[in-house]
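Which chain is which? They are A, B, C, D, E, F, G and H, in the order written, and residues in each are numbered from 1.
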């Protein structure tokens, strides 16, 4: 199975990013965590992305805030899908959302919501599930668990209201 | 190989969406095009998404404008990766970008830029390339072509400037 | 008299939504509260909305945050008026306001302000009052109470200033 | 059956607003059209709204652009549901959307999307349908027509693509 | 000398608005404070504004938040200059700024910054100073005091830095 | 009677600004037009504003686009009321609106809407009317004319609809 | 004297960027024009920036639109000042402004306004003028020319108005 | 070597601005700190900027919030590069960013990110480094330190994760 790389521009992003890692663990997906900045360690970032496919990675999750260039810069040098995770660090995270989503033609980044680390992890699992029946099954079970949780929460809420 | 579904909320989105289809053709990826609206034909949309995996689809590209619910609604009922393509139909497309990207925890949508249909197509190809060496090779060649085009454009510009 | 359904995408919305319920209670309008998510329990949400009219509901209040698809998804399958209540969960609630208000032609949602649960409740009462003289009278009295409260607050403020 | 009032702040709004009127006609709902401005003819606007219920109106559609006060000002003096239709006249219509939707607690306005006149008309019909089986039936038929049109458009698009 | 009316839509605005009143006191300008809402007490608001000129008022300061209609509604029925003070109550006050500033042609409101109550007060004094040499002199002295304060603050800062 | 100065940052603003001048003419208010830029001719701008009061001016209308500093810079050196007119030259005029309205405490600018030159002129007339019964009367007549025009436009619209 | 590099992400930016080049020509500053994309030719971009100082460049002007990463990416690998020029290609250029200006601590980009190519050129000249008396003199003369042009435009406008 | 002037509109900006000063100290660049407001002490601000070049300054850092005119006003009267530092004081700092960046053609301001004082300091050092080999070397060392810090933080994060 392909591994997932979880790259963040700054270790201060970890409190958000860790939810992506928790998802990967929960689904039994192998991953590696890296701190690499498009602006402070560009070579490290680029070298990693350039060789990620041959090293067995299948997806790169890249998290960054403000002028969030990391996902786009990694996407520039890999043909793997790159999931961009905008971190809220200024003006409500709108700057990072736009810096990640609005990529020019030819170099896509799969953007998730602001601080939506759990969804970044799930999207990586979905991508890997295309050729992994086991993961596909776990995703289906996860979806059913989500639905059950809504039911339980409704139940609790209705009891509280009585 | 998995097929790609290209679903749009309205046939008026076609002028934008067709660039995604052109990419899929160019890469030799099998695809199907559908018009299905989260608001006008919700059953059709949901039924399609629910059975998309078993019908051999690997990725769903979903395009919609304004309060763009289609990608999220499809993602609700499939474990396949859903690529959300925000169409610019009002307030510069900011409404559709936010309606697609800002999904709640548990149900990700892989959002590309506003009107970025070509990138939606490329992202689908990248996802399928994980288990398709041929596609991976074509993506690498595409990247090199992009780089050569930049060089040629620079050359033309410098000649024009002389 | 028609009942009002109060549907929220997540039980975490309850702290805001309960003000809508308080208004319904205050006006003696029958209501039911549900937790149903457009993304986590789409079938439940759709099934509810599809049969809401025949079950005696007259208005559906639907609250959701971020990419707030719930009101629009319910409106897709009912001909009842749906009141959309945008919950502030990210970027000041602007994402949910746009996701709810900017519906495509053919499927309206009656949107109230961000976190404006009280107004969602009042709007439901206004709609039901069209054929209920008693409710119309209570609304008139409510309006007069609002005016008196302004007077009393002015009085207190002027006393405080002296 | 209750009548619908369609009030606009300026006759220049008519090109947008007329789609609301066309819907009302299509559904056989009686209506009256008025030009009344919260800022240029406040007395006319207020006097109309104050007596609208007793004159047999059931819903007021109020359209305005920029600092769009008309819907809120009418809602201040009536207990009828007021549908606010934000007209795009400046900064992409965001000013009118916010001026209409963000009403203070106690005085709701049922806001539809920017320039969404058709939806304003449909929402009025939905409200009136609560006590009018005939309208309810027509709305159901309208929904089915919307769905059929999507199918036809898909058909045409697929033919064009071949 | 003309009096200044300070009208606020809600007594909860007082914590902000009182800085306008402090300025009026400081300059010895006569004023009256009122709570009057465009939406909860429209008649009171309109009746006040309609007769404000004949009662000796020269300027009306009107403060409101969210869909802030009060300044525009007062301006609709008076030929006195109305100063609109946007209160920050939601989405950083951008809704109230736009609701106040973006008035249609024919009915201006003199808008100051978000929560800028001191400036609302000063603007009123500037307007009254046109025919009041004493106020004009005090404004000049105020300007000089502002400048001196900057100097003193610089001095303190430089000392702190040493 | 006091004169009104109409200052614009660039002669390209004239197409918008001239509506302010037309209002002043219509009301018989004496005015002078100037082109003076906070950035290109700061001395001219400041020298004008510094001596404006003693030269008989009562109000300064200052129009500027983008990073619109002119109104604030003039307000810095005069105690006259300065009306700021934001010109739409980029990003829908939001930059100029914010650059003009969001003045720091101590130095107000009376901001009108984006490109709202007519309202800038009317606000100047309102300010001058405080001590000019004739102007006050003309403003009242203008208000009545606005109302009549709304009536006539309604009449025409209703005729067109028949 | 140091040279200025003018780098743009796409040759389609040239219509805007050329105004920067015209300024450099006008001031007699040596420059080189390049097309290099952070996403399509990252190596070229990085290699250029990495060796720019030793090749005699003193300033890099980098223009890009949408998710405009080029200026930041160049700034990552050079200690020269990088001037970022946001190109308007989508949502009024706000995405590129934020992508360029909101750089993380440690790697600044000197951002000019949206499409403000002339200012990018002038800023480069100002930077080079620190150690070039001749350029400093020309900048002073340019400033005086700007002022004279304002005077001439005022003159023409006043004549036109008569 | 040229000195750097650090000018702020209000002493309340110091908590942000001091990071710029710390950078200048760290690089051994001579600097002077001033409090001068475009609106409260315009003469002081202009007089300083006008003579800054002849007094040995090479760069001016100007910090201001809200309608942040200080950087533009200083740039109007000097040919030195002016670095504009937008301070977050209202609406997330978007007002000050736009007020500083969106300068009209002819008068550039080198804008850094919102509250990005460290970057303002570094940009000043970069500009001065053009003719100062020592500073250039220190900047290179600083860049390498940034990269090492990323490595160390990664190390710590990975240890924490184990």
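A few comments on the model shown:
The definition used in the following text is that a residue touches a chain if its C-beta (ideal position, glycine included) is under 8 Å from a C-beta of that chain, and two chains touch if they have at least 3 such contacts.
As the structure is a computational prediction, the values presented were derived from the model and not from experiment.
Looking at chain C and chain G, the chains in contact with each of them are A, B.
The pairing of chain F with chain G is characterised as different-residue: of all residue numbers used at this interface, under half are used by both copies.
Inter-chain spacing, taken between the CA centroids of chain A and chain H, is 34 Å.
Taking the mean of the C-alpha atoms as each chain's centre, chain D and chain G sit 48 Å apart. Counting partner chains per residue, chain E shows two or more touched chains at residues 10, 37, 40, 66-67, 90-92, 94, 101-103, 106-107, 113-114, 143, 146.
Taken together, the chains touch in the following pairs: A-B, A-C, A-G, A-H, B-C, B-D, B-G, C-D, C-E, D-E, D-F, E-F, E-H, F-G, F-H, G-H.
On the side of chain C, the complex with chain A involves touching residues 10-11, 14, 21, 33-37, 40-41, 44, 66-67, 90-92. Only residues 92-94, 113-115, 143, 146-147, 149-151, 153-154, 156-158, 161 of chain A touch chain C when the two sit together in their complex. Of all residues in chain F, only 2, 53, 58-59, 79-81, 83, 97, 101-103, 105-114, 116, 118-120, 122-123, 126-131, 136, 139-140, 142-143, 146 touch chain E in the complex they form. Remark: chain E residues 9-10, 37-40, 42, 46, 65-67, 69, 72-73, 75-77, 90-91, 94-95, 98-104, 106-107 touch chain D in the complex.
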